[in-house]
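Take a look at the structure set out below.
Letters A, B, C and D name the chains as they come in the text, with residue numbers starting at 1 for each one.
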Amino acid sequence: MQVLYFAWLRERVGAAAEQIDAGSARNARELVAQLTARDPRYAAAFADLAAIRVAVDQEMADLDTPIAGAREIAFFPPVTGG
Amino acid sequence: MQVLYFAWLRERVGAAAEQIDAGSARNARELVAQLTARDPRYAAAFADLAAIRVAVDQEMADLDTPIAGAREIAFFPPVTGG
Amino acid sequence: MEVSVQREDFDVGTELARLTAADTDIGAVVSFVGLVRQGTGEGRISSMELEHYPGMTERALQAIVDEARGRWELQGVRVIHRVGPLVPGERIVLVLTASRHRHSAFEAAEFLMDYLKTRAPFWKKEQRGGEARWVDARDSDDSAAARWRR
Amino acid sequence: MEVSVQREDFDVGTELARLTAADTDIGAVVSFVGLVRQGTGEGRISSMELEHYPGMTERALQAIVDEARGRWELQGVRVIHRVGPLVPGERIVLVLTASRHRHSAFEAAEFLMDYLKTRAPFWKKEQRGGEARWVDARDSDDSAAARWRR
């Protein structure tokens, strides 16, 4: 699936988007666990999970929203537009 | 003093402004009584006192506001701008 | 100049740019524009005439602006009210409020309109078919204004 | 077109005229314009960059507009949000609401801004001196949005 990062999450991960095999991850929380195990960049980016927001297929979601069949998961900080 | 009329009051009185000697009238209510005694046009215009608003020297007032020394008294219906 | 009573139309973009030009600490500008509604069916109006009380109108509008400035921290305020003949779809009134944060700008604009509707000496006469009728004041405007009493 | 995300500036007068052109039963139009605040002293910003999530941003804004249309009877709605680099004093966002009566237009505009602030995927990065900093979300925006929950 396509995984997107925005704002300081993008900067810490060092990528705006990447193709990731979610493997056995059933939700965003398990996907984050896989990523943080893979590379310290992710561990740094996802250190404070309370500061992370998630969208699944461009709909606001949360870390426990199921991601089976999803094409696009996005991680970002709380929004600050307007 | 200068007496002004607006909207349907102006139409019923048949004048936008007139110079009037307020005589012994201490407030707008007594001025109205003098006018209605003078001519049926005023009696028709001031028939429903609850529908009349008053300004004394361009400040919102009421029928019992003293008018001694006032230069300009205005009578009009409730406002409908905006 | 905060208050204008005029026959000419106004441009909201121009007024907004003027209000915000000098101050880079404005974060929020709220505008209200009132328009002549045509209505429907029998009640359809063809035109209206706005009468006012020259001199008092400007004083009353300025007093309302001053009251708003006392209640909210505003970086700028602008009120324009048109008079004379107007047809459906035309703009009647503009209220603009500028502040650091949006809630003050929203509240102040709504306050200005509620007070303007009940305290500024304007009167509307509508033309329907061949018939002219003075618009009645509305109780809902009185109760809207009463919200702000304190 | 009710929702736009764009790098270019907008003109409130033009947008307002477009929104009201086709309908003579609109009595009230409320606009909100958000601007880049410079701030003062140490906190003075020189510029900012607005990042967004292309695709989701437009969907989120449209969902907020649809929600507003469900809650108030609106004759028209327009939302424009800019992205890219901006300097103090520049316009960021426009919300326009048109309705028969003013209270609906005011409420809907404030609702749209409260929801946009907390639900639309935009992020601001400010430049202060030589230093760049991502803006933190504000609790006051969350509580403003929570007012509308039902």
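The working rule: a contact is a pair of C-beta atoms (placed from the backbone, for glycine too) under 8 Å apart; a residue touches a chain by one contact, two chains touch by 3 or more.
Owing to the predicted nature of the structure, the values given are computational and were not obtained by experimental measurement.
A.B. asks: Please indicate which chain is farthest from subunit C, where distance is taken between mean Cα coordinates of the chains.
C.D. replies: When every chain centre is compared against subunit C, the largest gap points to A.
A.B. asks: If you average the Cα atoms of subunit A and of subunit D to get two centres, how far apart are those centres in Å?
C.D. replies: So the centroids are 26 Å from each other.
A.B. asks: Just curious, how far off is subunit D from subunit C if you go by their C-alpha centres, in Å?
C.D. replies: Going by mean C-alpha positions, subunit C sits 23 Å from subunit D.
A.B. asks: What's the distance between the Cα centroids of subunit A and subunit B, rounded to whole Å?
C.D. replies: 73
A.B. asks: CA centre of subunit A versus CA centre of subunit C: separation in Å?
C.D. replies: Chain centroid spacing, subunit A to subunit C, equals 48 Å.
A.B. asks: Provide the list of subunit D residues touching at least two other chains, using ranges where the numbers run on.
C.D. replies: 34, 113
A.B. asks: Mind pulling the residue numbers of subunit A that touch at least two other chains?
C.D. replies: None at all.
A.B. asks: Throw together a list of every chain pair that touches.
C.D. replies: Those chain pairs satisfying the definition are A-D, B-C, C-D.
A.B. asks: Which residues of subunit B touch subunit C in the complex?
C.D. replies: Against subunit C, the touching part of subunit B is residues 4, 6-8, 55, 58-60, 74, 76-82.
A.B. asks: Tell me, which parts of subunit C touch subunit B in their complex?
C.D. replies: It is residues 34, 50-53, 55-56, 59-60, 81, 92-93, 113, 116-125, 134-138, 141 of subunit C that touch subunit B.
A.B. asks: Please name which positions on subunit C make contact with subunit D in the complex.
C.D. replies: Touching subunit D: residues 11-14, 16, 20-21, 24-40, 88-89, 100, 102-103, 105-106, 109-110, 113, 144 of subunit C.
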